[in-house]
Amino acid sequence: MSINSFGHLFRVTTWGESHGPALGATVDGCPPGVEIDESMIQHWLDRRRPGQNRYTTQRREADQVRILSGVFEGHTTGTPVQLMIENTDQRSKDYGDIKDKFRPGHADITYWQKYGIRDYRGGGRSSARETASRVAAGGLAREAIRALAPDVQITGYMVQMGAQAIDRTRFDWAQIEANPFWAPDAEAARTWADYLDDLRKSGNSVGAIIEVVARGVPAGLGAPVYGKLDTDLAAAMMSINAVKGVEIGEGMSAAMLTGEANADEIFMGQGGPRYSSNHAGGILGGISTGQDIVVRFAVKPTSSILTTRKTITRTGEETEIVTRGRHDPCVGIRAVPVGEAMMACVILDHMLLHRGQVGENRGKIG
Amino acid sequence: MSINSFGHLFRVTTWGESHGPALGATVDGCPPGVEIDESMIQHWLDRRRPGQNRYTTQRREADQVRILSGVFEGHTTGTPVQLMIENTDQRSKDYGDIKDKFRPGHADITYWQKYGIRDYRGGGRSSARETASRVAAGGLAREAIRALAPDVQITGYMVQMGAQAIDRTRFDWAQIEANPFWAPDAEAARTWADYLDDLRKSGNSVGAIIEVVARGVPAGLGAPVYGKLDTDLAAAMMSINAVKGVEIGEGMSAAMLTGEANADEIFMGQGGPRYSSNHAGGILGGISTGQDIVVRFAVKPTSSILTTRKTITRTGEETEIVTRGRHDPCVGIRAVPVGEAMMACVILDHMLLHRGQVGENRGKIG
Amino acid sequence: MSINSFGHLFRVTTWGESHGPALGATVDGCPPGVEIDESMIQHWLDRRRPGQNRYTTQRREADQVRILSGVFEGHTTGTPVQLMIENTDQRSKDYGDIKDKFRPGHADITYWQKYGIRDYRGGGRSSARETASRVAAGGLAREAIRALAPDVQITGYMVQMGAQAIDRTRFDWAQIEANPFWAPDAEAARTWADYLDDLRKSGNSVGAIIEVVARGVPAGLGAPVYGKLDTDLAAAMMSINAVKGVEIGEGMSAAMLTGEANADEIFMGQGGPRYSSNHAGGILGGISTGQDIVVRFAVKPTSSILTTRKTITRTGEETEIVTRGRHDPCVGIRAVPVGEAMMACVILDHMLLHRGQVGENRGKIG
Amino acid sequence: MSINSFGHLFRVTTWGESHGPALGATVDGCPPGVEIDESMIQHWLDRRRPGQNRYTTQRREADQVRILSGVFEGHTTGTPVQLMIENTDQRSKDYGDIKDKFRPGHADITYWQKYGIRDYRGGGRSSARETASRVAAGGLAREAIRALAPDVQITGYMVQMGAQAIDRTRFDWAQIEANPFWAPDAEAARTWADYLDDLRKSGNSVGAIIEVVARGVPAGLGAPVYGKLDTDLAAAMMSINAVKGVEIGEGMSAAMLTGEANADEIFMGQGGPRYSSNHAGGILGGISTGQDIVVRFAVKPTSSILTTRKTITRTGEETEIVTRGRHDPCVGIRAVPVGEAMMACVILDHMLLHRGQVGENRGKIG
């Protein structure tokens, strides 16, 4: 991992700013022969696209992806795939006010402190718009995974908004696509809708927790000590804008368990080990067990809000700021497809890494 | 980051198994001219060393570090520093029982599934013993930081054991070194002592939450988009054995805040910005603000316990296992110096990375 | 270095095929605040551009570069710079014949053997057209170097075409820009012109040797053992299409010298060491001495020639091939700006790397 | 590649100085299940070991390798393999004279200029002694290659000493092990012996050219654009101490060929393509063809000679130097096993990289 690149063998470098001519992902190391076209990637971008309902920013971006390289006659060639998305609805004038002021809770001030120059238009490089590039790369990763391990299924959903968590006893995979919050709990979705309507009207915002599950991942992916599957997942999720925490399996609650309670007991199932539980979130010692990989991450509330906050200017004067623009009352909603994309990139990367070092999975049980 | 290496410019590769002849860290990219000798590194190793009180494993390891390269006349030369620790108290016979059985919740099964071969003695490469190498590398990182930014202070402590958290109103830096749990709350330390005594007698174990704070870190460290300071910290902490969750600032609780509550308002202080609060944990947009860097991570309970658990053998037969050996009832205790070491490595790495790309910090305020 | 990326901190990833919609370079890690616009990069691209005289391919490409990211108000921001060049004159029909046959001496066969899929149009990814991306990245590197070390001057020129080398006693820097071969020897340029006219008419091609010199490079750049300045230069030059050999200073002829003859004796000059000679090519132990950095590389003749050669088809039948298309009789000519670009990228990268690890140059003499 | 590390997946980091307690190689990413023990690595170290005949330095080093990690019951486990060699015959007193003077043609001056500190004992990190670590890593790489592709054979030999090249019509593989110069031409070996005896007596030294051939390498190894097989070989060989030039196939002479002469025509042989010649040195477009991989490199003469040379001191005074110590009159001799080791590391690395990205070789011909 290096500044703007991510991954060991399936290596994604994103580039571009919120209000520049375009942004995109340079994807190196994709296996050759993967069937892909722009519509297959567009499918995933459309899920992240803003302006689809009243709960996300009203910026209207087509988010139309173009494949500029690495694909020939509908298949990857093994050379870098350049995925470009042109910016069409920049409306830079909205952002004049933040040119010289720093929004509290936003990267405005740190970009300035680090670089001494800052593309303030729409947050520049620090805009959540960057995540469109990740979703595009993730779309390609999904197709490559499909070719290698067709049983893998990656699904993200929201499990908490503000203080309100889903009720796991009502968990229903089918609900996820049926509401604007990717909630697996229809009742929670209804509660969140009301809550968010109020919040949006008051110009405020709120955080959320997203869970991403990868089912059907073979055992043996990951590597000691710093190339652990959970290490790379933690990095992947924490690198998403506004994320402040990452959990695998039990996550922070693992602190509360005893060793007796935490042990996922092992039995023999058909074709391999079977576990009594999945506190581990599908990863032991940084290597996948074959159980579901379960990752959660918390997204903080957008700092661009209508409430007046105290801040300073670039020249050091104390002042106040209100961010008008077009923002997401709960940016966590659009983080769901982003989390899925990062999961896909990490899983594919580790499939290639495992195949590179070890070849065919070697340790048989039974 | 790559399998057993960590860091961009200050690059640490750890090697070695629990019961092999030795383990250590190969540290590449250390600045030249840093004053260092073995005793300065030993100081930090001694804090992590097992067998110091009844709350940690009774394995007796001197954990004596030797500097084999990269240091000349008491200063680093800029070439790789090899830090080696010989294993002296292996007692392999203790581990005969786990040769063919997999401990639930342990990497035994995944190492086997991945590699088809496994050094089962004491957990081999997956043993927490590997973290001694990290502490040694962290000791070197601390001295390099001291030379570059003498104000930086890195301190770890335990904030929760099992269900019992510290009371932040009793937080006292001076307490941290005064009890065996690195607890900043003397009362919590007493409660934990009783709790852990009972747990140890029953052969059980428990998880914990560790917090590591870096004070005095200059603004501007970190980089978009995958080289974010919090991304690298998340990876660093998640790579530690038994860690299941990582948080920056508010962490998972950020989900519960509104944008209004979450905004750390900015004022002008002496010599730079001053903030009303630190929900961000000292990092915005992946770049340090100059506030305290605050990281927390959860350590799951050791899976090596005296309670009988169901498991399978390598040949796929269902059986039971009890792990006798010498283990930590709360491995989180010894994770404190490890977390500090990882923080030191990440901070130093980003100091060098920033200096490399940007040079002198350029964006002045006021 | 990794597949399609090059550099440690100033990291260039090139992408794109000869006949795809576009190609370019994703440049990560550029220092912020570097003054740059498209015309400053275009300047260097125009030197490499085909069709400028009768000695290079008649393909007409505008090679117009667009900066898509990382630059704001005429300065780099420290975020990735995307440099895109659209392909405009593909004429794919020219290449129909090579769809199923492999050109001897060309990457046609190995791309097929490796990937099982091949963009045969114009050589796809293996086309020398890829080097336009490098020249663009090199143009940016030059401006960054100018900001850091204004005295550095990087100049490439041709020193041999076929069997005919320049006469070093006639070496004249001013001649380099005055003839189509970048020859520092006017008489050699005239001889080459006649020779190449004949060769071009017969549909044949020929190899060449290019020398690239960097003057004014500070002492201390480079690093042991694999990050040596000469190691990275060797990799950089060898990675250019058709290059088969790389030399530093005396190069292969160093084999013929005795230790006595090879030693560049050292004296004190104004402001630092002065050397009696430069057999070392400005690099000792992988680190720059402050003398001129001197690199040479040999470019083999284009394999796309009008002469009939024996080959096989994809289905394994023996056949013959003649490559009509539009090709360079001496591709070495256009390799001159490419070699300069690679030198610029390597020098800048090592400036940043040195600044990162060591900071201010520390070892003073005298 | 990064400072002291080399390789993408099979990643070697060497460490240690000439006169420190030990040196070695940390090898990460080795496939699991490779049969290995210390004697198998010692075999290759013994070939490089000094003091074996009167043509190499009389320093007496046992060069005894110890495997400290990553191997269990005679097989690699997939975790890092630490290979350590203790220094036993340092005799530091020999080097007192070079403490404050810089040997012309040696890294003394550049290490000082870069780092401001220098382990002057025996050249410290810049000593050719470092190459023992490479030979050890190469020994492991050979065994891993044997497990993956038993037909691969890697052989190095000297083809030129000073101005005297071998006669290729007398080339005899059997001769290589039969003389102290690894010469495939018995007559050349005799001439060199006389020549070197004279040179050694006069305290002078001389350069050499080494050729390393890898036979039986499968087609398809390598990758565009910077991960080319020849790019990595050029870097690998140029990173060896004292190397000033690297050639693949025709090398620098490729400049003299026409396209007609240079084309290796292709025919169908048994089981695959067959070529009329091998000007390409087994690599086209950076990817192996299945022909012999042929690399040559030039080693400059040792700068540690008995002849008095002009130099300066650290404080900038002009003076003279004579290097007494124990040195190699032709350090190229001992570079033969080093070149073989680097070839083995590169080939294995690209086998793993290819397997990772592409899996089974996919492009069939015929």
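Each chain gets a letter, A, B, C and D, in the order it is written, and its residues are counted from 1.
Definition applied: contacts are C-beta pairs under 8 Å (C-beta built on N, C-alpha and C of every residue); 3 or more make two chains touch, one makes a residue touch a chain.
Note that the coordinates shown come from a computational prediction; the quantities given were computed from them, not determined experimentally.
Chain pair with the larger contact count among A-B and B-C is A-B, by C-beta pairs in contact.
Summarising the inter-chain layout, the chain whose CA centre lies farthest from the centre of chain D is A.
Annotation: 26 Å between the Cα-based centres of chain A and chain B.
Each chain gets a centre from the mean of its Cα atoms; for chain B and chain C, those two points are 45 Å apart.
Touching two or more other chains at once are residues 2-5, 14, 29, 32-33, 78-79, 114-118, 125, 223-224, 353, 357-358, 362 of chain B.
Put simply, chain B touches chain A in their complex at residues 1-6, 8, 14, 102-107, 109-118, 125-126, 130, 160-163, 199, 204-209, 219-228, 230-235, 237-239, 241, 244-268, 273, 276, 279-281, 283-290, 296, 298-305, 307, 309-312, 314-318, 332, 353-354, 357-358, 361-366. By the touch criterion given at the top, residues 2-5, 11, 13-17, 20-24, 26, 28-29, 32-33, 66, 68-70, 72, 75-82, 84, 114-119, 124-125 of chain A touch chain C in their complex. Interface residues of chain B, counted against chain C in their complex, comprise 9, 29-33, 78-79, 223-224, 352-353, 355-359, 362.
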